[in-house]
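Both complexes below contain chain A, partnered by chain B and then by chain C.
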Partner chain A sequence: MHSRREWAWGYLLIAPMALGLAVFYLWPIAQTLYLSMTESGVFGGYTWVGTANFADLFTDEEMYGALGNTLLYSVLVLAGVPLSIVVAALLNVPGLRGLSIYRTLYFLPVVTMPAAVGLTWSYLFNGDFGAINHVLGTVGIDGPYWLGDPDFAIYAIAVVGIWSSIGYNAVLFLAGLQGIPRHYYEAAEIDGAGRLRQFFRITLPLLTPTTFFVVVITMINALQVFDLVYLMIDLKSPALEGSRTIVYLFYETGFVQNQRGLAAAIAVILLVLILVLTAIQFRLQKKWVHYE
Partner chain B sequence: MRFRLPLACLAGLTVMAAGCGSSSQPEASGKATISYAIWDKNDQASAEKIISAFQQANPDVTVKLEITPWDQYWTKLQTAASGGAAPDVFWMNSLNVRMYAKGGIITPIEESKAQGLPPAVVDGYRYDGKLYGLPHNVSIPALWYDKKLFDAAGVAYPTADWTWDDVKAAAKKLTDPSKKQFGILAHMWDQGAFYPTMLQAGGHVLSQDGKKSGFDDPASIQGLEYWTGMIKDKVGPVAEVYADTDPITLFQSGKYGMLYGGVWFAPTFWANPEIRERIDVAPLPAGPGKEAVILLGLANAVSAKSEHPKESAAFAEFVTSEQAQKILSDTGGGSLSLRDGTQEGWFKAFPSFHLKETYNASMPYGVPYPVSLNTAQWQDVQNKLLAEAWAGKRPVADVAKEIATQMNEILAKE
Partner chain C sequence: MSKPRTWPAHVFLAAGALVMLAPFAWQLVVSLQTLPDSLRVPPKFTPSWQWSNFADVFRSVPLARQFLNTVVVTAAVTAGQLLLCSLAAFAFARLRFPGRGALFLLFLAVLMVPGELFLIPRYEIMQGLGWLNSLQALIAPGVFGAFGTFMLRQFFLSLPRELDEAASIDGASPLQIYWHILLPLVRPGLLALGMLTVMWSWSSLLWPLVVNTDPEMMTLSAGLASLRGQFLTNFPILFAGSVVASLPVIVLFAVMQRQLIAGIAFTGSKG
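Coming up: the complex of A and B.
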């Protein structure tokens, strides 16, 4: 019974992880699913309502608005990914002086509390006293109320989102870059390829596995954005409609309006959305990701 | 510990003699520790003093103060309450009290304990004919104004006789676009700003029985238009401004003539000597319909699941007692005490502000804050839709009618 013992060992070794997953992920997911089919009392007590919550949501303009805002935000943040590649490539230049200082600087936003990030940027974006409008003012541009205007708010928040993700993504890209064998570049140099050509023909293609990973992670994070919006946009702000994301709507429904069942349904919709978009990305990766 | 019993009695007697007038001293049934949850750090000093006074009178009871910031307070409390682990005594507001009373989280309090407190505040804590919280402070909205700007424009300071027209006229004179200076801040705020004007125009927010919205009442709409009109006439800055900077901060920049604010802003303004000198406060101006000031008070509620119900009730009662109310006032924190005659200390803490006059002129017109079972739900709708009117995207009347429709749906489900 040698093999059975081996199996047992295997299960034993994955047990902590599996247990953690079951307790902290699977069970809450199951509960959320159940909750989404109920109308819940504020202090417990549920009545089964079937799919009524979802039916409510599918006819709710706010839900579609939040979906639109979330997708727009995700696209904007994804569009910031190339920036991380550029930063990583610059940090990877051989013999760069003060490399660790640059790395620290770019990574700082990642380890900074979102609350601090949100508040600091709110000050920068302030329409009357903010640094951004002050700078714009010196060149004669009358800056808008970035966070008070529904047409600008989501873009302003996306800027912060991109800014805070550059460091994390750049570190990943840096690891990817350093994993590319040097002999490709040596061979290319002998063939007379310039730096730019090397970048586009060697670096980018060999970086695609990292890019894929970064894109998937960034998208999942972006779809769940809440803290920045919560910190920068007040519930009474005129910009709320233009910047409310799915998780913000979830918060508002569940914790401001005390409609727990409906909020759970929103969470389920977000879960499905993330699953579908991630599945699509995994399908598409065959077309553009090159593994060595 | 047998010798503790007479001591506690003795201490209890002293309190009674001191005018506390409490008849329900906790039975000395051994040591008890009760928890007391509040959200405002500004009230920490007074709360600690009140606790120590209570403990002196009740040596067997220990009160543990827990401060949770407002942003997490209700979420934390709801979670704890759902699990049957709510604090023994905790701060409650009239927005939430019905929900907690209906959910059986808090326990009713004898009507007699609230004697001598203003009905406009106490009534906010009634549900189903019973009282569920003992209010201990009162927040009165008032008109703050910048004397320096008034002097410069040659406008007389606001008085208790001011009406909407006086405000509008003054706002116009105080506005100076070339200096980016505005007559008034027209931020979207319920208790101190648009609820009072809705009432002052003769409208209402919620019907008497709490079943119908009053937003579609033409007078209510007029009350809302008072504010959007200020923005439209450019005597108040556009709605986006308030989203960026807190009106309290804006007002202190010295570029705004008037601010509908609370008397509880006093400690904030007083903290800055330069601001302290240039501003003062007056009662809310009267509208075309009537005078009305929305009063709101915080209360202490007692958990229905408390292991020490007697001690908890006694403590909640003590916080509202004259002795504790005096401590609250004399500490000069953020709270104005509720019991008539105990406020002197608080007024004296900010001598140049006309807070006493404002208090005296406002209390007779006190109206309870409008609440139903799940107030937060329709207020969320109200805020979202009004934001569109404030931003000038939709006419106030349209928005008000839509609020009424949605609000009535929510109220019907309660």
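Coming up: the complex of A and C.
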């Protein structure tokens, strides 16, 4: 093999992508890190302010509010992960017919534009004419003004977050389930273990690598939620205080108030938060993830 | 092994499917209601066959223009991703060159950084180029992707080595091997990445929202979001727009679901 030529081809074929990533990914990362230490002036341009942006953010109530809302939302969405395991387990029942129909239906929220999804759910959650409060009313519950109430808004958004991620996660779990060798179940059956026992003693432990992957991905996505909040909560709604997430605050600061330096600092905080929480997940996995 | 009954599974799955489907059905119903019907208490669960909503939404915002914008951007981004990602993925998986490992790690690092970190500098790049409120502002950053490179690399790695070795002995250049021999074999990967890119590009909101503020240059996603501000309670018109905006991807998914699901499962289990 002409290895010199192979080198040249390697660099040549990677060049377009590497160049694009350098311009639109790597340079922006460095730039954002730099901007987070600056303040944007009225006439454009930036002045160096060191860690002042971070100091400001650490005493800012809105920042803490956004942090709290984001973490609450993430925990709620993570609590929905078991639902996907149940759906995947049901889809994996031997001899089940209509698999592709179910898959299509459960996947519908994943493929639909979040804009359309968010608007539809904001209608469903409307306090006056919304279908959800109507249904709750028929069983005697007086529903709140979900998206107008800072105490309830984030829960309503989390419901949508869970609803729209079940299909995606279930597909990952289904792939994990199909990777479990059948002979484990055959052995368990001979030992007289029932279906439920098999599920808890074989399926769940052998599914832990997939579960770990899904939990990490779901967490990282949830920490960056923006679309649903932006679409479901009106800018002037009193509920914004209870549902403003970190990315929403970033958008507001950087592109509504045009404080680019401060917004960059918020993005850096988000990066650190994601890195720390992901590292913790990787630490914890030793305690509960079983690799064959 | 005893044959298990499947009907209990069907009961639960069907109930769940109903929950998945209901908001869409409800959206479709409301898109055909009159404004007073859409605000009725208790809710009216049947359409009033107000077809004019669909004409009105095209009249009240440049929806046709936004639709065209979205199609152009999505097509360009998807084509670019497929070409550039497959080229880089092929090189990473099949060619040996110094620094390959380090370069690939750099690609992976990009994958782990949240998108918000790119946003402000990208905006300033577009501003500097005079590209704000243009379709190229939406296309240019979208055609590059570390995820697609990583995903297709997995597909290239799964092919037997003998294929390119034999072709190389016959004198084929790496570009010929890529194009004539390996690319046809990673078709499932290309289809899956293509579907994912279409989905993401079609729906993405934050970047289009930031970079194109002129309604004429918006994509459907941002257009719908701005529609909400203008017609705060006109849900029938809003939903007519939503139906128009989400239908193409839903149809595409219905046709291509097997490839998409296979792709997600493939990268998911190896991720």
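One rule holds for everything that comes next: the second predicted complex is superposed on the first by the 264 of 292 C-alpha atoms of A that agree within 3 Å, B and C clash if a C-alpha of one lies under 4 Å from a C-alpha of the other, contacts with A are read in each partner's own complex, and residues count from 1 in each chain.
Note that in this section a contact is a pair of C-beta atoms (placed from the backbone, for glycine too) under 8 Å apart; a residue touches a chain by one contact, two chains touch by 3 or more.
Please read these numbers as outputs of a predicted model, since none were measured by experiment.
Superposition note: with chain A as the common reference, chain B and chain C are in steric clash. Of the two partner chains, neither chain B nor chain C is touched by A:Thr59. When chain A is checked against chain B and against chain C, the one touching more of its residues turns out to be C. Touch criterion met: A:Glu189 reaches chain C, while chain B stays clear of it.
Within the superposed three-chain model, A:Gly95 lies in touch with chain C and out of touch with chain B [touch as defined at top]. Of the two partner chains placed by superposition, chain B and chain C are both touched by A:Phe255.
Judged by the touch definition given at the top, the superposed model places A:Thr47 against neither chain B nor chain C.
Applying the stated contact rule after C-alpha superposition, one finds that A:Phe129 touches each of chain B and chain C. When the two complexes are overlaid on their common chain A, residue A:Ile274 makes contact with chain C while staying clear of chain B. In the superposition on chain A, contact is made by A:Ala116 with chain C only, not with chain B.
Superposed model on chain A: among 7-15, 25-33, 43-51 or 61-69, the stretch of chain B in collision with chain C is 61-69, the rest showing no clash. When both complexes are aligned on chain A by C-alpha atoms, chain A residues 128-130, 234, 255 touch chain B in the first and chain C in the second.
Listed in rising order, the residues of chain A touching chain B in the complex are 41-44, 122, 125-130, 144-145, 147-150, 233-241, 252, 255-259. Contact residues on chain B toward chain A in their complex (touch as defined above): 74-75, 78, 81-82, 99, 103-105, 188, 238-245, 374, 376-377, 380, 383-384, 387-388, 390-391, 393. Of all residues in chain C, those touching chain A in their complex are 1-4, 6, 9-10, 12-13, 16-17, 19-21, 23-24, 26-27, 30, 38-43, 84-85, 87-88, 90-92, 95-98, 100, 103, 106-107, 110, 112-125, 140-141, 143-144, 146, 149, 168, 173-175, 178, 199, 202-203, 205-206, 209-210, 220-222, 224-225, 228, 232, 235, 238-239, 242-243, 245-246, 249-250, 253-254, 257-258, 261, 264-266, 268-269, 271. Against chain C, in their complex, chain A makes its touches with residues 1, 3, 6-7, 9-11, 13-14, 16-18, 20-21, 23-29, 31-32, 35, 86-87, 90-91, 93-98, 100, 102-117, 119-121, 123-124, 128-131, 134, 137, 163, 166-168, 171-172, 174-176, 179, 185-186, 189, 195, 210, 213, 217, 220, 223-224, 226-227, 230-231, 234, 247, 250-251, 254-255, 260, 263-264, 267-268, 270-271, 274, 278.
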